[in-house]
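Two complexes come next, and they have one chain in common, subunit A, joined by subunit B in the first and subunit C in the second.
What follows is the complex of A and B.
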């Protein structure tokens, strides 16, 4: 069953720059922005504007105050861009990411591979509560998931989506829901819209 | 001491695992009182205690050969049950040394270790008679073993093993050999911090149990291991109750009736010990699993009655977390026949020296 108080679930906070950092990379999933969202980020990051790079992922938007941003079509391009980054990121750099949870953890995982430590990465959840779900049985991923129970994209079993979260996998745990009584699948409800 | 191994018994398929009378009497029964609740029940892992399983730091019993074979079967099907993050090589050697030294010192009839020196670069020769293994290797050179040192030695040991790296005032589960777990996934948990991997446990977070336990463990000292018992229930004597294989064993929970509960329902006790490792400063966390059926336990009158009382007063959150919901009523009906309501002495000792 679903426990709502599971401690492995990350806690997210609004982004603000670490003033002691050498460089700042801000990556935003534009589809999750509220009206005025970019303007308030521009305000927050104004003190470090000279050392700020902004990557906007998804539909292009005008961004007063965030410098000259890069526009990237999708999260896969962020992962590629980080993997191919010719500029070396160092211990003084900070990465700030805003978007849905699957987006946040795709970027954070790609950044970890090029050397960003956990303390250098700040994540802020925005937009849909949709989840990436990891199947404990076939180890396949299913996303985006907005329901309490979902058929696994890997093995087809009906998975109960739990609150237990793995940062390494960037995903919530999914466990077969009708093992004890085959066919007894609870009503499927949209809970992570 | 010589152990009468039972190499043919199985933990799957026909489930031919059985406990001898001696194995029942040394079972580490975990309930000193009629009620159970989480606590920081950690004590020094000294060579004594209410059960003989505490007499040696790494207990080897009659199920040794069969358990090692069951582990090999599980690893063949799912190699991901053994995982070691790349920075843990020093801790791997620490683990191999700790296990080889203790097993050879405590069970010289079964294991021996000959060392030409104590340091990396020395030639060591390990003999494991029950499994028919003799291996000469260079301590510190993984290429001289058939697999990495942690996998090598834990394939030859009973129970699961995790290694926790210590950094940032926290513990991270950065290695594991996990083939007999109570429904947790190493693939999901590897790399997690102490609070994260305990995330799903109900009730205990709110009472500060994990903060206190972590604080205690960060101060763990070399040569002063500690232990605690944990428990759950398992249907059939199955070691591989992993989430990965849940579709294979989950249905068994629906097969329990008041008539078959005695032979189907097993109390699963984990003797968890914690060891500071000398070179890596990591903590080795062996989880040694003991299984006894309700039939076995009820042959000790105090244990049958006490288990009935503990299970009938278990908080509903724990019933659900431990996966007992579906079969608990049948198990309680069976156990009620073994509880006459008399007052039971505090303590986990069997209180008898032969079985009825």
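What follows is the complex of A and C.
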């Protein structure tokens, strides 16, 4: 029941620049970087270095080749920066994001609000499998979730974390696990470490 | 009005400029027409004395209008004779058979901004777009490339909209397509409708400026594409041989022979007319088949494509 074959799950791929694009914005959740990860991204983006902006979110030592990187403390700052951009983004621009799924979709959703279409955004999953969970009962979010069952941060119900993913919410569906037999909660296991 | 086709009656004929004729059409039974959305086209059966044409025209009437449909037809001096028939023969009170509206060029309603580029009579689908955007308030801009003398012809549809700009072939008045496409905000969708060379130029400029292909939409005119050297086609299933004249399409010739062939856009765009090609080499002029399908040589779009040399054998 947990790992159903949900076809609508997003597919993530290693980032590479779209050479036809007019401008490139690379946003990285640094906590998810493997050793040498930044250097290999710098290699991949070398062909477009002149038109590249890099935002490093979290602690990081910048490496050469990523343009002039900009350091941001947290994903909320990325969302604010996109929303308040004084220079509008163009139809020829591309956004590349690397990090955990909640990070990817927070950034992608903020970018969509300022006009980025799905074909202008490329996402690459890195780091933990932790999920953001949306409660079908109270519509609240719980995050980060690494277990199969989690108490909802909004209403306290025990939610079964399903594989159904909403791109709009950037979250997985959570449904009450003990509706039929109140109190009968299955063993809680860490499955999204 | 229910059935495969609709019977229309010409309610008004107006020559809005030399070579540009406006028709207003109503249902012959006085009833309501099916509604059509912005960007829709309708295929008309034009019964000339010697032959029948089937031409598709964009509706320029207000989207959703059910009392009347309007079209604007440019007289094409060469190529197919349907437009000449409309300019010479059609009069108020005539009846015409038409198909149901189709739409291969609807605006993308999630767009933040709509950028339209029209070449000449390619403005027609955008007249219905403008009516829709005026109603919904969607942000838009229309650039029309036309002859200087024709820029006032469409005034009744355009009003004094500041979102419409005209360009013509004179210093200081040409449209700088690369500059226009380089400065568009994220969330814009681009629509182009004009002669093939202009469409190609705009599409290439959009790709060069980094536009995702999913944000670029093009409508081709079919009529100018379909003529060429005469050739012969054999319809294997019907056992009929047809001669395709230089001023008609393969599809026209098939229909003339009394064989029903499916079609929708008659401009090589929709893919409805795709037909297996059993023998012969096609000159592909459509925008539907992939490069691999063309190379394989097993399919042809009879609404626009012809024989490269010799005879074609179709599975029809």
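The rule we apply is simple: the second predicted complex is superposed on the first by the 191 of 193 C-alpha atoms of A that agree within 3 Å, B and C clash if a C-alpha of one lies under 4 Å from a C-alpha of the other, contacts with A are read in each partner's own complex, and residues count from 1 in each chain.
Simple rule for what comes next: a contact is a pair of C-beta atoms (placed from the backbone, for glycine too) under 8 Å apart; a residue touches a chain by one contact, two chains touch by 3 or more.
A quick note: this is a predicted structure, and the numbers were derived from the prediction, not measured.
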First (subunit B), second (subunit C), both or neither touched by A:183: neither
Which of subunit B and subunit C A:20 touches, first, second, both or neither: second
In the superposition, subunit B vs subunit C on subunit A residues touched: B
Contacts of A:92 with subunit B and subunit C, given as first, second, both or neither: second
First (subunit B), second (subunit C), both or neither touched by A:114: second
Interfacial residue positions of subunit C with respect to subunit A in the complex: 112, 182-188, 207-215
Interface residues, subunit B side, partner subunit A - complex: 80, 185, 187-192, 195-200, 202, 205, 243-247, 250-251, 253-254, 320, 326
Footprint of subunit B on subunit A - complex, ascending: 1, 3, 5-9, 134, 136-137, 139, 157, 162, 164-169, 173, 175-176, 179-182
Of all residues in subunit A, those that touch subunit C in their complex: 18, 20-23, 88-94, 114-120
